[in-house]
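Two complexes follow with chain A in common, the first pairing it with chain B and the second with chain C.
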Partner chain A sequence: MEGKSIFTRNRSVPIFIGLLALFTLGVTILSEGYGTGALSVSFTKVLGMTLCLCLAALAMDLVWGYCGILSLGHFAFFGLGGYMIGMWLMTARTEAVVRANLAGNVIPPTEAEVSTATALQIFSVVGAEDWPWMWAVSDSLVLSLLLVVLIPGLLALVFGWLAFRSRVTGVYLSILTQAMTLALSLYLFQNDTGLRGNNGLSGLQNIPGAEGIGQDRISIWFFWASALALGIAYIGAAWVVSGKFGNIVRAIRDDEQRVRFLGYRVEGYKLFVFTLTAVICGIAGALYYPQAGIINPDEIAPIASIYLAVWVAIGGRGRLYGAVIGAAVVSLLSTYFTGGRAPDIDLGIYTIEWVDWWPVLLGLGFVLVTLFAPKGLGGLVDLIVRKDKA
Partner chain B sequence: MSTLLEVQGISVTFDGFRAINNLSFTIGQPEMRAVIGPNGAGKTTFMDIVTGKTRPDEGSVRWGEMGHSLLSMSEAQIAQAGVGRKFQRPTVFEDQTVWDNLRIALKKPRGPFSSLLDRVSAEDRTRIDEIATEIGLAHHLQRQAGVLSHGQKQWLEIGMLLAQDPRLLLVDEPAAGMTTEERNHTTDLLKRLARNHAVVVVEHDMEFVRRLDCKVTVLHEGSVLAEGTLDHVMADERVIEVYLGR
Partner chain C sequence: MIRILRACLAGLILSLSVMPAAFAQEEEGADLQALLQSRADLVADASRRTVGEVLELLVESGLAEVPQFLATWQARELYQRDSDGLFVYVEDPDADPLTLLDISTGEVIGTAGSREVSQLRPNRGVQGVIAGALVQFQLSSEDPAERLQALAAIEDDPDESHLPLLREMLEEESDPAVRSAIETLLPGLIIAFADSDADRVAAIESLAGNVSLDARATLNPLLTTRREVADALPQELNIMQVLDPGSAELSVDEAYQMLVDDGLAPAIVSRADQRAILAENVVDGRVGGVPVAELGDYEARDRAYGALVDAGLAQPAPTEAEIEAALDAHVFFDAYREPSSAVTDAARATLDGIETRVGLFRLLDLSLDGLSLASIYFLAAIGLAITFGVMGVINMAHGEFIMIGAYTGYVVQTIVPDYTLSIMLAIPLAFAVTFGAGVAMERLVIRWLYHRPLETLLATFGISIALQQIVRQIFGTQARPLTPPDWLAGSVAINDVVSISSIRIAIFLLGAIFFVALWLILNRTRLGLEVRAVTQNPAMASSMGINPDRINMLTFGLGSGIAGIAGVAIGLFAQVVPDLGSNYIVQSFMTVVVGGVGNIFGTLFGALMIGSLQKVIEWLNPSNTLAAQTYMILFVILFIQFRPRGIIALKGRAAGD
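Here is the complex of A and B:
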């Protein structure tokens, strides 16, 4: 059990990585950019985005399924990651457009003029024309990528430190995290906060430096990046929960006071897991929104974080792959039912429009899973494995 | 024998109920002490105060040769300083194996990063095997703690206490749910530990206490009623009145 690699210690790791690699290969072969074209660009993006949601769900499983912290605010970190990379994408893209427009001028524009014109272009929609302070590093890809990790991490660190040292647990902590994501969302809705209020950041699918390359290729690049991130995170998460750290974290979930009497500072462990998972969510968001093309404050409304918990509950807590299955199944079904793909059912006196009825279906599914399969969809794997052994 | 724990004049009130009333208690290392008393005498509250779970309204709790106050330390810090506790109701991590339970109790650095990078050394393995043999769970190491019998859980918790290697052991009703043979084994183990540790045993079973053959402290309504050998305190008029109900 010890001294072996994570691939042999946790059997789900090689299986998961193998399936993910097969899936990536399959999508690539069927993609428009590099294969037969059976999968449309937009559907490739949906699949890539789904992988990012699976990544966020994996983080949710670490913090909730393993450490017992029912955070209902982790989507705030996801959104923040998106905003951080979005600032760079928008700045670089808009600047390129501005430069192209000014290129026809007799006198070449100065850098200051380009900067002013870019700011005007981005912020005129909220009646501003200057760069807000938080865009200070938006011209640097490296620094923006750093912020993707730092900002969600720092917010989680400060929030977690305040909450855990006061020993806020259980439903009170859940409510507090809901308040956090709601406050952040409401704050970002303001026009004068510097992130374009309810307009959000848009045009994120246009990747600077890749102007000549079509979305058919870019979509598959992001799909690859998302798959890679999910694969690495899965191995990392399996490693974190496999050793003594994993034992302690699960012990904290089951009886944190007992863990204190063993001499462990429970707060430090919770803070570590909370912050680590916030960073994973930030990275997932930074990969998601360039595929979505747009981010606005509605994305981090409290309901988004609740959905994250629902995915993990439906998929099955405390088994990593359960969270991934839950996120993939539910979010793909959600896309199917709310994206106009599902045919409406005409009952004569009433027409079931799935856009309206999907939440009801999801709620029903949640209740059914809770009642009849408390281990979630991932629990079905137990049945297979057990048959295997018998 | 030097003083390890010195509790001076502590009192604590819960909603007007005085659970501990001007209680003083001293134990050295090595020493064995049995604490007896009727329900509600404050035995568990006393342990809660020493381990940092409950803060007293007044009084002092001093620890070790330097006389550090335990009152300003967190539960985790107190445990790290060398206070180990076995609960009345066995509290083991049922979702994990016996081996894992012993591993997290093992005396090693307690920080998140040390735990993340912790490797099981040959020394750790030997220690866990020794403890498992001592507590009779050597053949159950890979079983989930949740499927153990009540007595085995008691033993596992005692094993976790051994793995922690504390200087002071607070043991709350160790013999509950054990067979006579197991009780004898427990007394032997506790007596052996008391050769170089400080051991406080809370117990209702007088036969068990007698076999421990140590100084006895009788608690009543949150303070010390009598102290001395078992025969001495049993002969005390007030003890007979409140404890033996005559």
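Here is the complex of A and C:
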């Protein structure tokens, strides 16, 4: 095994990267911005956002499927990443608008006046007019990008250190992570905490410095960025879970005590995986919300993180492509059925409206997958591969 | 105010009108009409100065119809017939012709066109005097109820003239209820209107320890202040405190603004003012010699403004040193509006004493609040304490069982209209419905997953969203009412500070009953013994002849059924909506985890801790319940670090690891 590249060690990596590249190429050719225009801008965005969700699911699979930590709070990191980049997008965009407005004045505005007017524009909706402390670096793209990585990472580091140190495991850890995301969303829901309360951050689809460029192109750029991030993360994750490190992580999942008795510092490994996946989720969020255009505290309500776990469960835990399949299939199907595009079924006495019945179907689907297909959709891949060998 | 007075009068008049007319008119010549005709000019054209004479006559006459007359007169509903000057009431002022009524007997005495009579419209001053006479008339009534009504009218609209009246009345009053009403009323009147400061101070001190809102409302106005500035501290004013500019009470900017407002110092030129002045003085693209394009900078703007000042085009702005000198030259202070320092000192001391007592009562109120929130959390979590705490099943659909319980209550109420009966029916029915749902869920899903607890979480989450959506399909998204019966609708008030709604007391009692019942079931019955045996060691239990399948099913059903009853209770004060349960699920899990699993005592302590803690945080930061929840959850997260197994941790084999 030594010295072999990750591409040859894990057969799913070249296949996945190949399929992802083909998919990206296909979407680009069919897009409005660079191709035939068969795919609408909004659908391109949906596809780009789906890739971001796949990225978050990949992280979830690492932490749950490989390390056995069922975190019900990883969407908090996803949301935090979105908020971090959202602050920069909103500041830069609003500042440009404010400058344009003030340009009509006889006396040119000072920097302080621009800053005050921008703050007023952003925060008047929550009755404030000053910059909150957490927006201190929102005028710098580089520092904001740094925060996208640092803030979710730090939160995960502190939270994980506290939790793993006191040996909170299993169900207790799940509930604790759920409490964390609930606390964060409640905190953000307050109007006076500086992130515009339940209004959230909006207008994130307007990219500063790209005012003249239409959403048709911007959507494709973000699609490319999301695909690139997913590809890199997939290779990285495959590398992490292979080799000795991956073996120990899997061993922790299967029997934490035994690994500890073998002399490994279990807490360190868990903390590393927990923090790494939080950072991946943060990056995924930072790519997702400029495509969604708006972020508010509802996004990180506990239910979002549970869905993340459910995608991974449906896709199949402990295999990286399983997470991606699960997230893509469930979120795209949800978009399809709740978007009102699915044809209603008329049974004569009762019309099944998919918008209403989809959640029921989805819920029962979870139950059935959990009961009868613990390997998830990824299990289907096993069947195909085994047939080949046989 | 007048309307209230009239409402009081209406009752009075009713009671008076049943008196036999003959009794009211026993003296010859004491006819109301005759009396009025003797001062007809004063009635028809009343002024504040002259109306007193008429009123005195009327009060002295003691005629029964005087109150009604005064009320009608005051309300501008008295008419005078132009032809003979007769004073009349009219039946309906909008009718034409008007039906005229006799002012003594109320009998119809004829009709008249609206031109043939004149409506008497006493002005506001006269109306006030008439109202005073009315109160006086009522205070001397024979009936204690009427005297109380008059006192209530005084309380609504106190007047200087009432003070001697009440003082006089207190000495003669024999009815205890009226007496105590006067005693309550009098201090306020003395404080407001008495001349002697000693009397007022005594009245203030008599309120010591009185936590009612009235007492505080009487004292607080005495301590109102106004903020002033002067060259030197005026001796004649009752000074509360001298303020130092730059202190917490008075910032430098505010202080200087006071000087500007009083014309004692030149105004500061703010950046916005400066910009406006600069914009007015643009000449050939330059302001004071500075090119406009350079003015996006404060230093350049100051230079340009300086040039304008030199050219006499703008007012010089005061410098820092000038501002400081102006502040130093003046003294800023808060002065009481009340001139007597003895009175304000007494009021301050009394109010401080009251505030201390109020603080203590608030603490009591806070503990009651905490206790009632704890009971709600306990109710929501107690079912979970069994399914999760004892059996170790993570049931994410627990919240939906609560919701189903609430909807069961709603459905029962739509069928059985009597609220008391419907609640009595709803409780066992909710138990039955959710017991059934729990047993079905255990049989169909959970029993296959006992060895995979994390997957139970996902499966039950699926059930939870499916149940929520199905209920949404049936009942819609809007909130359904679950109305408590009347005997639960009120609240028990100990005083103006401490009160608790009956429904919260009921929930507290329900929680207590649940706790005792469950403790008995788990520790004193065969079922409880078997439950504990199965949860500790299923294999051993089954070899002792216990059927673990049956026990698991029953235990899960019991926990779910209790959630259903909790749902009925929660539905009584919360809105019954399809996502009712999801609001409680995370808190419920935290309650059980904080308390320690496997033990209903743990859940009790967990609920008490979380409930009271949340109330304490809310009390520290009352404007923000969201913040309270946030900090409470943070506390729970930290708490788990130090006691990962909760407040009451099971030890040894029972811990089950």
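Basically, the second predicted complex is superposed on the first by the 380 of 390 C-alpha atoms of A that agree within 3 Å, B and C clash if a C-alpha of one lies under 4 Å from a C-alpha of the other, contacts with A are read in each partner's own complex, and residues count from 1 in each chain.
The working rule: a contact is a pair of C-beta atoms (placed from the backbone, for glycine too) under 8 Å apart; a residue touches a chain by one contact, two chains touch by 3 or more.
Everything numeric in this text was worked out from a predicted model, so none of it was measured.
Superposition of the two structures on chain A leaves chain B and chain C fitting side by side, clash-free.
By the touch criterion defined above, A:240 reaches chain B but does not reach chain C.
Look at A:178: by the touch rule set out above, it reaches chain C but stays clear of chain B. Judged by the touch definition given at the top, the superposed model places A:106 against chain C, while chain B stays out of reach. When the shared chain is aligned, chain C comes close enough to touch A:186, but chain B does not. By the document's definition of touching, of the two partners only chain C reaches A:374; chain B does not.
Set against each other, chain B and chain C touch different numbers of residues in chain A, with C touching more.
In the superposition on chain A, A:251 makes contact with chain B only, while chain C stays out of contact range. By the document's definition of touching, of the two partners only chain B reaches A:265; chain C does not.
Rounded to the nearest 10, the superposed model shows the Cα centres of chain B and chain C diverging by 100 degrees about the centre of chain A. In the composite built from the two structures, the nearest CA pair linking chain B and chain C is 6 Å apart. Overlaid on A, the two complexes show chain B and chain C touching no common residue of chain A.
Residue ranges on chain C touching chain A, taken from their complex, read 271, 275, 278-279, 282, 287, 292-293, 295-298, 301, 392, 394, 396, 445, 448-449, 452-455, 457-459, 461-470, 472-473, 582, 586, 589-590, 593, 624, 626-627, 629-630, 633-634, 636-638, 640-642, 644.
Residues 51, 53, 74-76, 79-80, 84-85, 87, 91, 93-96, 100, 103-105, 110-112, 115-116, 118-120, 160, 164 of chain B are the ones that touch chain A when the two sit in their complex. Against chain B, the residues of chain A that register as touching in their complex are 2-3, 240, 243-245, 247-248, 250-251, 254-255, 257-258, 260-266, 268-269, 272. By the touch criterion stated above, chain A contacts chain C in their complex at residues 70, 105-113, 159, 162-163, 165-168, 170-172, 174-176, 178-180, 182-183, 186-187, 189-190, 192, 302-303, 306, 309-310, 313, 356-357, 359-360, 362-367, 370-371, 374.
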